[in-house]
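Look at the two complexes coming up: subunit A is in both, with subunit B in one and subunit C in the other.
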Partner chain A sequence: MSRSSRGLYLIPYYLWMVLFVALPVVLVAYYSLFDIEGHFTFSNYANFFTPVYLRMTLSSFWYALLITLFSLLVAYPAAYALTRTKHKQLWLLLIILPTWINLLLKAYAFIGIFGTYGPVNSLFKAMGLGGHQILFNDFSFVFVSVYIFIPFMIMPIYNALEDINPTLIAASRDLGASSFVTLRRVIFPLTLSGVRSGCMAVFIPALSLFMLTRLIAGNKVITLGTAIEQHFLVTQDWGMGSTVAVFLILIMAVLMPIFGSGREVRK
Partner chain B sequence: MSEKNRLGKVYLFIVFVVLYAPIFYLMYYSFNSGGNMHGFEGFTLEWYSEVFHDTRLIIIVINTLVIALLSSAIATIIGIIGALAIDRIRRKRVKNTILSLNNVLIVSPDVIIGASFLILFTIAGIKLGFTSVLLSHIAFSVPIAVLMILPRLQEMSPTLVDAARDLGASRRDVLMKVILPFISPAILSGFFMALTYSLDDFAVTFFVTGSGYSTLSVEIYSRARAGVSLSINALSTLIFLLTVILVVGYYFVSRGSARKRGKEPAAGLGVPR
Partner chain C sequence: MKQLVRIFAVVLVVAFGLMALAAKLNSSQGYSGSNTLTIYNWGDYIDPDLITRFEQETGITVIYQTFDSNEAMLTKIEQGGTTFDIAVPSDYAIDKMKEENLLLPIDHSKIPNLSKIDPRFLNLDFDPDNKYSVPYFWGTVGIIYNPELAQGIEFKSWNDLWNAKLKNNVLLTDGAREIMGMSLNSLGYSLNETNEDHLQEALRKLEKLSPNVKAVVGDEIKMLLANGEAAAGVVFSGDAAEIMDENDTLDYVVPQEGSNLWFDNMVIPKTAKNLDGAHKFINFMLEPDVAAQNAEYVGYATPNQEALKLLPEDISGDTRFYPSAEVTSHLEVYKNLGKRMLGHYNELFLEFKMHKG
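Moving on to the complex of A and B:
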């Protein structure tokens, strides 16, 4: 076997990398420079900086921020409690299991639960609060998104908590710190890496979810993902869709060095 | 201390109830003869028989399984090659660059993957349908397979390969008789992860599927948009049971092999997108 043919078997992998990793990014950037009639133009970028798109980007950020924050608030205590249980592995499996259920089925379940005659509204009526329109607004969007992302937030935080050397906590106690001070000054700072990757694992997908905005938010919430889907599959304005995609990629490129890839979730 | 522990347990319990309530809610109403997701009228298996008599749905289920099995098999093979490729790079900077390129498709949002693949297939002249869905599922499963296989490959002592070479094995023999058997558990988990990614994917498929071709999650989306239909509930109950069997089976298989290596079993069990 000659020396040059040794690496031949590696071709399929590098071919994949060129065709499906590098080329698509280039194509998105290229398409963002054409308008709906196929003329070369920068008007898509000019469009992006009009109030309509800027407001959409801002609200998309705002919702993603809310979703990340609420997920963190729910997940941190849960991860902490998880490390204190006896059968950790079993509990962990139970946390992971719902993530294996198709996201659409979970969203569909909420259409029933939050529906006009659903259990939540029945509960409201029983408490004398009267019926409410819970579905198809921003509340239901944030709630369902948080519901879906909680396991993704719990996992990295749990891993970080498990990595803490228990003698550090014992030392903090011995030196007279109350359990709250230990939590705030010792445990929380040591789990920041987990918190960061959890936030990243939630924030980026939260920017780009489009099926939830369609199914749950009744098109009242428009995220960057919804805009891309709308342009590509509904109005067929691929240029503008690509432009929004370019900005989403840029946002990721800025956030990732700060927060990590967020995919250390699967350790 | 013990009271605090109890508080933690209660909190954890509530989180679990909230996590599982929607799933069991779906399953409960799949037996409702009332035809709606409120007001349980009576027990029926009508919706299950509807699922099994829906030829279109059965074809879609078969489509989904074919795509999942084919794409993960091919992606695993490319993943083995990729892991070998990354493993043999000596320069650290080059290695890190290739690794980050490898991970691009894992960290990018599905919408971007879907949209860019749609452009790619249109330019390449590939008709949207089976081929485009298969190609994109292979494409986004490759990096997962690489990430599952590479650590195991790096665990392997290089002396094993040296010994085989000294004893006169050809390069092919080294690969087939030394390297592949050693990394086979990782290959299996890579294949399994690719399988779940493929089965779970909605957004990418939604972009690259044509009008005539559909997978299960795309079908669920269009039916859910049309409103509540209890055959979806019946279907999701079946899917849930299948998932539980798969996950529990994988858990025990990986626990068996992890025990020998002294690792935590759940560590190998990733979280899909």
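Moving on to the complex of A and C:
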């Protein structure tokens, strides 16, 4: 194949990247420089550094961190158990299946499940624990978010676990390591790439969650995603909404290298 | 690779199959014809039987789409690319659309039924002489409460919501103007206040309400209140009527300090293609029997005085939803405060939501 024809094949790819990746980012940055009346200004950026938005950023980070942490705590043992089961494909399918259901539908289901008269509270009462308010607080928000994000954490960890050469584990055993030491010194370091990509796949979307903040947390949790939604749909202050989006992009750009691509670790 | 190709092939075949089926269904229902009328209305805001009747009487095919906030509707019409013949925005949104030249004037000679509207709902500030809009429904904002859960509190004033007995037992509707307006009203200010000191005072007062607020939610508020999830809620009168339809232990009150009086009017957006059909539809909706049937179905208050006479006494005589002229004279209609002020209201509202108390 000649050089020029190879370049020709790449045109659709470049076109796609420019139209749907580069251009939107440039547009967001461009809109962030205008105030609500369409005048050129940097005031949106100054406005971002007021207590309201800084607190919102902080709370977004805090909840995204909690969600990632709990997802990891549940997903790692689950992925590990998955590699040991007989019908791996079936279990995998069952884990992926909930992602086929619309997010809104799942959120509404949780309103029913966690409600004052929902099954969870009935169970509590039957067990003599009395009724509790489960909905519209930090617990319900983190719980439902973890539920929604968990498949995205399990998959990369599962793949990394599957990739481990079983002879390495056998060698560890032969050399006298206990199961726990094997897990800590052999298995976990070898799956670090999976853990990193899993954390990235959860943390970054969690940072800008917005629908669940209203449906499950009753707007008692406010994230940057909520602010963007409000500015675009309610106040029509596209400038401020774009500014928040610019900061989200910047934050993600800073985070990406920290999580790493995972590849280089495995060399 | 082979498998991948096969998967794509299957998806493509299914997609084309569905497309062909949809096209066939559309043409068999006459959607491809040129004689169509596109209506853009709030969700669950018309009796579907009336659309069928309109189609039968006029031979016009109706395409019906819905929105859930004035802002979402405005954004969509502003951006263009739509062909809505009729939209149903609220008062302040009509003012805004007028300002941005998004509306076409209504030809009153084609709407003889305009005479059936109660004069107190005509010629209002947001649209003098009803040049661009015709009333569809009207209502109030108030407190809906569940006497079984409210521990003997008799709701009369907005300030009753601040009662310490209601800890974690109040639901609020997710609207900056409604909630800021409620706080302003409770302090004796106008809900169109623009004085910064008064707005800050209203925010501080709202922050004191935080311990009582269980959640700030959207349309879910109806389901939650009907299920008895909270003792009280701040809602639109029509939502209240719907909730009480499902659970009749609840009651609705318009607080004595005053509240919002709102109107949803029919307008013809600039994007309209079927002007004649749009006028026919507006006139049709003002027929007394049509308006009465619609009011009974939707639960909001009709501005049509002829229709009111046709409604059963237990609806038209219900002063909670058809307050007297004396009561409505205390209520305020939202003014279009401009984008900057609306942005400010919203930022204050966000600050209230973030307040942990």
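Just so we're on the same page, the second predicted complex is superposed on the first by the 242 of 267 C-alpha atoms of A that agree within 3 Å, B and C clash if a C-alpha of one lies under 4 Å from a C-alpha of the other, contacts with A are read in each partner's own complex, and residues count from 1 in each chain.
Quick note on the criterion: a residue touches a chain if its C-beta (ideal position, glycine included) is under 8 Å from a C-beta of that chain, and two chains touch if they have at least 3 such contacts.
Keep in mind it's a predicted model, so treat the numbers as computed, not measured.
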Joint occupancy of subunit A by subunit B and subunit C, clash or fit: clash
Which of subunit B and subunit C A:I251 touches, first, second, both or neither: neither
First (subunit B), second (subunit C), both or neither touched by A:I111: both
First, second, both or neither for A:I157, with subunit B first and subunit C second: neither
First (subunit B), second (subunit C), both or neither touched by A:T235: second
Touching partner for A:A64 - first (subunit B), second (subunit C), both, neither: neither
Partner chain in contact with A:K220 - subunit B first, subunit C second, else both or neither: second
Comparison of subunit B and subunit C by subunit A residues contacted: B
Which of subunit B and subunit C A:V195 touches, first, second, both or neither: neither
Partner chain(s) touched by A:Y31 [first = subunit B, second = subunit C, both, neither]: first
Interface residues of subunit A shared between complexes with subunit B and subunit C: 108, 111, 115, 117, 214-215, 232-233
Complex interface listing, subunit A residues touching subunit B: 1, 6, 9-10, 12-14, 16-17, 19-25, 27-28, 31, 74, 77-78, 80-82, 84-85, 89, 91-113, 115, 117-119, 122, 147, 150-152, 155, 179, 204-205, 207-208, 210-211, 214-215, 225, 228-229, 232-233, 238, 241-242, 245, 248-249, 252, 256, 261-263, 265-267
Subunit A-touching residues of subunit B, taken from the complex the two chains share: 4-5, 8-9, 11-12, 15-16, 18-23, 25-26, 29, 36-39, 77-78, 81-82, 84-85, 98, 101-120, 123, 138-139, 142, 147, 171, 196, 199-200, 202-203, 206-207, 216-217, 220-221, 224-225, 228, 232, 236, 239-240, 243-244, 246-247, 251, 264-267, 269-273
Touch list for subunit C against partner subunit A, complex: 69, 71-72, 74-75, 168, 171, 174, 176, 213-218, 220, 223-224, 227-229, 339-340, 342-343, 346-347, 350-351, 353-354, 356
Of all residues in subunit A, those that touch subunit C in their complex: 36-37, 52, 55-56, 59, 108, 111, 115-117, 133, 135-136, 214-215, 217-220, 222, 226-227, 230-237, 240
